[in-house]
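Next come two complexes built around chain A: one with chain B, the other with chain C.
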Partner chain A sequence: MIDLSRTRRLALLPLFAAVALAAGCAQEQTRYGDQRSIETVTNQFSSTDLQMIAESMTRSMLQSSAIVSGNLPIVTVQEVKNKTSEYIDTRAVTDSIRSELQKSGKVRFAVDAAAMQQQVEEVERQQGEYYDKEQTAEKGRMVGAQYRMEGNIISIVKQAKDIRDVYYKFNLQLWNVRNGLLEWSDEKEIRKTTTKG
Partner chain B sequence: MPDLLSVSRHYAGGWRCALHAFGLVLCLSGCAAFRSYDNEMHKTLDQTSSGNLDRAIEVLESNNRGDFKDLLYYFELGMLQRLGDRYPDSQKSWMSANAYVQAWEHTAQTNPSKLLPGAASYLINDKVRTYEGHDYEKVMLLTYIALNFLAMGEYENARVAIKQTHELEAVIAELRRKEIVEVEQDAQKRGARTSFKELNGYPVQTIDNPAVNALKNSYQSALSHYLAGFVYESLGEPSLAAPGYRLANELQPNQPLLEEALSGLEQRVSAPDAGLIDVLFVIGSGMAPALQSRQFRLPIPAYGTLVILPVAFPVMVPTSTPYLPGQLKLDDEQLLTVAPITSIDLMARRALKDDMPGIMLRAAIRTTAKGVAQYQLQHQGQKQDNAALAIAALAMTLGSVVTESADERTWRTLPSEIAIARGRIPVGKHTITLQTPEGVRSVQLNLSGRYAVVDLRLLQRQLYVQPPEVAVREGGQQPTDAGVAPAPSTGGGPETLKQQPHTMETPK
Partner chain C sequence: MKRTWMIIALLAAAFAYGCATKKGFEKPGFAFGCPIGDTKVSSMDDLVKFKVLSEGKRTTIVATEMRCTMTGDLLKIDVNLNNDSSKVKRVAYKFRWIDREGMRAWEEEVWKPLLMYENSNIAVSGVAPTNKAVDFRLILLSQE
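Now for the complex of A and B:
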């Protein structure tokens, strides 16, 4: 039932335990890494995927006619719908895209729906008696966006015995608020396959 | 296949070492090797079912007198404190438990080999192992920590706990995948049997039945993911709420209530604040099943034949008959459908089923080692006509029999079954009524804000209610007007309000 040589080693178990204890005392080391290095720890949505999507979408959008020919167009960011079964923080993706676009100096952003409540509360707070009336933000002075940015991310996951394949498709769109026309749209596809070693 | 005699010949001289090791480890492990957790918890659970939470905690403390408190102690203590609406105390206990879980998680990621059972497990029994918690218990700990935060109106902190469950599940999935392969390979090398179906007399159907096998794994619960959806939704993050509801649907399919959560997400998020509260009722029932040690006969090859040796294995035993009502009545007018969402009973059974190959492998090694040591002592005693060796052999035999006991440790104060109900109701006082086999239970709640979670726990003679201390409005901020008040019964028999303000006793 039990392998002979293995059983003989049972007598050495206390020794193994002592060695294991000593090994357990080895100190851990923590160091900073390159935040842009490729992360393939698992095949779930990763920091590399986020960076790839943000870079790809920003580059593409900056070349769109709405941005190139517009005079510092004003954009508002709406939701990127997560249609996967993974907890992907799509707001982190749109935040990265917005930061890159903002840094380009070719786009301006209006307050989005998620931040509207705080914006309204701040404007209302400034109407109080403690503020200098000449410098306070007046009601009715907010600027509406010309374009709204929205999108979605989907995934297809296939798993067999020793292989797991994940396909992501991130789609982003820029809609003209006034006339409802789709001004720009692009997709970024990512495929990751993990084989069990 | 080598038998005990041939093993012992090769092992000559090692018996002294084995005997010393057995004695040393037994001394070091102390009472842990003889602990019966199931017996220990009887009184605590009985007091809890009777509404005597203070007494239940006293009993728990009396069973854990040492300075060192293990993970299981904090699991149980946190739940008893939560049932008594002592959320900060409960959180403190569960944060201590979470510190153990986080240390385990860190080890699982950085050095998983350190999680392998220690030598004592192979020499004495599994009870002497440090209690690491079953996978589903670790996930449920974070889920209940989130529920505590929600009860205290701390939605952002609940989000942190929820996010930790996602990370923990990923770590468990990876670790178990590797572990299954390793146990299979190790057992194959040793020629050990790891299928509990080969154990004569083992109640196979308790852990191998269609309901248990239908679970995707032992640790993912639809409740945890539904709650994740609810928390993200309440914080205005529909893109994160959607996968929560989607996963809940995958884990507990064909439940219209769960399907509606996903299909109606966008509509709910964009709906104007019409003075309605989105209330999630979490209804837990009964107590988690017990693990009991039972002895079975394991054939060990010896003298060219098979020697039947008694070996203890854990058996899952239900300890209560949980009841879940089909509906929840609001203010005598609105009926909310109650949908079963998570069965801790099934998860525990699945966990045992998945653990059995490892348990059987350790038992096989342990039994052979003990058998070898006994044989060597007897053999040497007879050869040298040495009375001391004969007595040592007898002591070794007795020690083996006494210590041969399975690990019964499991988080018992968790509910056995959990269901949910959900509805949008106006701000203000509401009477919630549940029909149970012991009669009608009612409780009055004063709810405010845009989102609230009310946790109800049905025990044999008791209904515990964990309402929000403060309700939450959109954005996770706390309004000032909130509270809860118990209400007299609306019928069904005399009910007595106990010391805890939100506890209602059922007539026996």
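Now for the complex of A and C:
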């Protein structure tokens, strides 16, 4: 006598196996990647663009006469205006530029407008009765910057049926605070094109 | 007649000496302005072979010329890349900076993508991020 339920169960086995396999394939996999590799997931502003701009601007600025002939010039970072149609954290770009310049040992940075509030609060906090008067930061001892760094980023986006072209231009300038002269300026251009099919 | 031959010989010797002294302008340990240490580099091909590395997928783009100079106290490199093929090629490059002890003088640079038209040359430049970088390698990576 044939055990029908057992036969049916046996027939279902390959189906279960197939479902399990499919579920396995659909599983997400997370791996660490190379943070400096070329990222082309979309043609919007990418980590590669940020890194390339920071590197290019830093290396160019290090060759400027203001930095080469200056004795550790003091720079303050001002705004990089985002004139593109997408959201770009321009502060992240200037932070990277500032880090690279600082690491080069050729530039010093003064507190910028964005961090001024915290700086003033800290100096005022140290005026309190709980601090040793001989070691506290005194008011009126901050050093002003000789140069200010500012810039802008623009984009031109063109889109047709199967093609999207993005052009970015990042411009950075170094202005002499005392006399208002432009000491250095450079640009980095990036073009990315995405085609379908 | 003897005197004529003597003059020709003297001129040839002076010419040869002139050529030989031209080479003497290069500082010891440098070739075409680029640091080479104790490595024997007698031609541009030797220098390019010594300084250019390939990572990942090999590219058919080749460096044909390389010159180095100092800008302030920073090493500056100009490299001529050539696409000899009849197709547009995509390549990425970066410089690796090395200090006096042969260690990395700076963190790895970002790969910089480059599009090269068919039968074209392009010059890429690199400036050391710090004066601690006294040597370098150019790394190429195919993007095909």
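Methods note: the second predicted complex is superposed on the first by the 172 of 197 C-alpha atoms of A that agree within 3 Å, B and C clash if a C-alpha of one lies under 4 Å from a C-alpha of the other, contacts with A are read in each partner's own complex, and residues count from 1 in each chain.
Basically, a contact is a pair of C-beta atoms (placed from the backbone, for glycine too) under 8 Å apart; a residue touches a chain by one contact, two chains touch by 3 or more.
For clarity, every value in this text was computed on a predicted model and none was experimentally measured.
Undergrad: In the superposed arrangement, does A:105 touch chain B (first), chain C (second), both or neither?
TA: After superposing on A, A:105 lies in contact with chain C but is clear of chain B.
Undergrad: Touch test for A:114: chain B only (first), chain C only (second), both, or neither?
TA: First partner only, chain B.
Undergrad: If you tally the residues of chain A touched by each partner, is the higher count for chain B or for chain C?
TA: B
Undergrad: For A:59, is the partner it touches chain B (first), chain C (second), both, or none of the two (neither)?
TA: The answer is second: A:59 touches chain C but not chain B.
Undergrad: Between chain B and chain C, whom does A:90 touch in the aligned arrangement: first, second, both, or neither?
TA: first
Undergrad: What is the contact status of A:44 with respect to chain B (first) and chain C (second): first, second, both, or neither?
TA: first
Undergrad: Let me test your reading of the model: by the given contact rule, A:82 touches which partner, first (chain B), second (chain C), both or neither?
TA: It touches chain B, and chain C stays clear.
Undergrad: Touch check for A:72: first (chain B), second (chain C), both, or neither?
TA: neither
Undergrad: Between chain B (first) and chain C (second), which does A:36 come into contact with in this model arrangement: first, second, both, or neither?
TA: The second partner, chain C, only.
Undergrad: Enumerate the contact residues on chain A facing chain C in the complex.
TA: Going through chain A, the ones touching chain C are 36-38, 48, 51-52, 55, 58-60, 62-63, 68, 100, 103-105.
Undergrad: Within the complex, which stretch of chain C touches chain A?
TA: It is residues 71-72, 74, 76, 92, 94, 108-113, 126-127, 129-130, 143 of chain C that touch chain A.
Undergrad: Can you check the complex and tell me which residues of chain B touch chain A?
TA: So the residues of chain B touching chain A come out as 1-2, 6-7, 10-11, 14, 17-18, 21, 24-25, 110, 114, 118-119, 122-123, 163, 166, 170, 174, 177, 189-193, 228, 236-240, 242-244, 246-247, 250, 299-301, 364-365, 368-369, 372, 474-475.
Undergrad: Which part of chain A faces chain B closely enough to touch in the complex?
TA: Contact set of chain A toward chain B: 1-8, 10-14, 16-17, 20, 24, 28, 42, 44, 79-91, 114, 117, 196.
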